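Single-structure report; data block below.
Labels run A, B, C and D following the written order; every chain starts at residue 1.
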């Protein structure tokens, strides 16, 4: 089932909240995301039973959440993108649609600072529990030490014009 | 005493108050059976576990942040370090992503060389997976035999691309080294030697009754549960879902080879139990041998790298390219802003990350010895989970 | 009945497994007993494409700094100073930090005259990690960048320079 | 040895009237001789097992310490003795220190009854086998103490697992030995051996198909009691790090280590003496023949050859079979071994009641069970040759060398 039919069925269901961006990608607005996700998974025509990846991208004005969906039965793919406001990124969790979203969202939350409303286990996944700041944001300044352990090592092969921190 | 142990982490809010008679055991980061550095907090009642709370992140090197500070071509050696057992798959996926983004065409011979290196790497990775799983169950000998077979593969890749583990064999637009004349013969020689050894391995372990009883019907994962938790690769196929990127989303030259996809058929118990995952990996090794033989015969002549500028500046855009790695789908979502020669964002999707997330839900009422068997059967590799 | 098939099957599979392991007793062990019980030093047996310790032949280095740019983690440091009146460029410093290098081979590909190349050496143990910074130009010396039209000097056996450097670090004469 | 030393003293120092002093001297000599033999065997067994394990895994095994690595166990022993044997914080100091010696006592106690030759036995107690079963329960005590007192959750798991395992496997072992006692009519070890003949089909193992089953069941139960491989749950490397002896280091670990390797000899010695006709020389049946020194020595050689054969089988099992899970191990014991042992007991009794030892039917039954046993061994050897041949041609093509490399040809 190629991309145009997918967009047609989505538009039939959700009207203008779903717009077609690049080939294979659809842009949806954050409020609707849970309903769209449930629809994609349960509709027999679309049958997107697998969420391949949920990634966050930090753009200057907005944080984009990108969902890569795949249907093992129908063998077709779809990318759904939503833009969130950068200073207060909030989106409802997709955990009860795809269970794998649980860990993807925890990782996206701690690395990009996105708040997933209704998430069952909002602890930090990869970073230590008392880590400050969101590392994957563009304006993130890495701390030089953590609990007294310094991050930078003297670069023995220093260049005269100021050695970049290795 | 228990509360004092976990005072600073607000674990207890997640775990309910441990009932009298329950014990919190730390299957800690330095435990022999967690492949790499993982930590399970087991809430057990004697041998039977009520819950296994995984703690990951010990090996988080922030590769995605690193990607934003290195050039497109310079990031290739880092992709080996994501999953050191399947370095070739990571290389190929990254190379494909950037080639699709920048529109470079990979010559025919380079595609074949990539497939050959990828299949060799898949056999080597499955050797370690099945071997270490047998070792976790208690049989030490198969692991050492499999590591010996892997030595032959390391010697072959040493000659092909110079390194035993972190190949760094792909380049954007092709491959770094050409196949030496003598190496094709050596690979075929090794394949003839290797196939009877798999039969011997089957006689030694796969059909061993104690091994079967230790694994059959242990944590069977249903197809629907596997897709829901995003399992990929051999774990997914063992649950009966017929999905293999090499055939369903054909990339590179895989559509020219005929090989069948191994599915879990409940060989000695439920479909999708640990024994199925083990047997699927062993059978997949045989399939890879078939692909290798066909690829070596059909290897065309020609140059191995297309003309690519030294500093790559792809246009604005984003791509997602995925490869069937030994541990499932390994995908790169690369976003470029068209201006700088460094990727704007690289998201790496790995198989072990989702395989690790299913362990917590499986661990209800399971014995500790079985938890060791599940981690082995799901073939979780710590660096791939934490990136 | 399942009771007896279980017994029969386990007896047979234990016997089968024992037969396999016993047959291994008569097969040749695979261990290479490095470093002392092997016919020839291991460096010789490694293939030519092996990416071991880096080595720079400063005589044919054209000081184009391609390798330094290609290296993703700034392991190579080259300093070239220009003599003001004679407009001549000299390589004053060519350091490779072998401890930090990840042997990826990206620098070797960019070098036009194959001055920097991999050797098959891998045993780089030195008392202090600082010693692993291979300085291919002695402090105070200056090397003339190689012009492609000059005649290429005599080729040296690969690995000789780095081995000499490491031996001098370890106090081996 | 005990009686021998006593007669020796009386012969040479006839005026010596303190009988009890001679008694103690005899005991001391016997104890020291047995300790020397046990420790030497424990050390060499550990070396040989590591060599066999090496060769099974196509590697070499220890060959650097001493000629071909023979002194490896001396090096291990010295290393462990010199290491600081620390007591973990919070551990129960007294119990932690006593535990290894309980295990050692339980293990070394069994040597008193084990025969080495016609008259070479420390003390031929007439409660022989009963004494054996009683002493091995000391080992359980020691292991549990070790597990509990080292104040680490993993050792606690190891200790409890081994307690469950050894206690529950003593039942099938006991019943299997019961059928031996009924056959031989006595409990004393020398008596049992005298009741069996020298030729293989005169051994008790081949007395009837049921006694063959009893032999197999006893062998499996002995494996479990020694924590050997299919049952090495207490110190399962992949789950409990090293089980009950995780926290032990230094000399205390040597004692645990010694107990485990000495147990190899005990386990196979009991099997050989009860089922495979001890030190009986094949064609010499008359009891008075076993008085000359040469015959006793020949008896000792045959006894140790049979025991070493069983020891190698146990060693090889360790590198072939995976480990049981706790509930599977209990399931195997209570559902398979114990009913099997009772059936074997009933079987041997009926066969003994129906056919006397020398009646042609008795001989016929003995002979055909022996044939069954021989057939299994021949099939095993045939499978070994088939496995070897399946790979040797390819190996030659790949590496150009012939694959044949007999284990005794050490690199």
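Miscellaneous remarks
Please note the rule applied: a contact is a pair of C-beta atoms (placed from the backbone, for glycine too) under 8 Å apart; a residue touches a chain by one contact, two chains touch by 3 or more.
Keep in mind that this is a model prediction, so the values were computed, not measured.
Following the contact convention of this document, B is the list of chains adjacent to both chain A and chain C. Between the interfaces C-D and B-D, more contacting C-beta pairs are found at B-D.
Averaged Cα coordinates give chain C a centre that lies 52 Å from the centre of chain D. Note: centroid distance chain B to chain D, computed from Cα atoms, is 44 Å.
Between chain A and chain D, the centres computed from C-alpha atoms are 62 Å apart. Rounded to a whole number, the gap between the C-alpha centres of chain B and chain C is 28 angstrom. The multi-chain contact residues of chain B, meaning those touching 2 or more other chains, are 141, 145, 148, 200, 203-205, 208, 210. Contact of a single residue of chain D with at least two other chains is seen at positions 56-59, 319-321, 387, 391, 395.
Taken pairwise by the contact criterion, the protein chains fit none of the simple patterns, being neither a path, a ring, a star nor fully connected. Within the complex, the chain B residues that touch chain C are 70-71, 73-78, 141, 145, 148, 151, 158-163, 166, 168, 171, 176-177, 180, 200, 203-205, 207-210, 310. Across the complex, chain C meets chain B through its residues 6, 9-10, 13-14, 16-17, 19-21, 24, 30, 46-47, 49-51, 66, 70-72, 102-106, 109-110, 118. Every residue of chain B that touches chain D in the complex is listed here, in rising order: 23, 25, 31-33, 46-47, 134-141, 144-145, 148, 152, 189-190, 192-193, 196-197, 199-200, 203-205, 208, 210-211, 213-214, 367-370, 372.
Residues 52, 54-60, 316-317, 319-321, 336, 376, 379-380, 383-388, 391, 395, 401-407, 411 of chain D are the ones touching chain C in the complex. Every residue of chain A that touches chain C in the complex is listed here, in rising order: 155-160, 163-164, 166.
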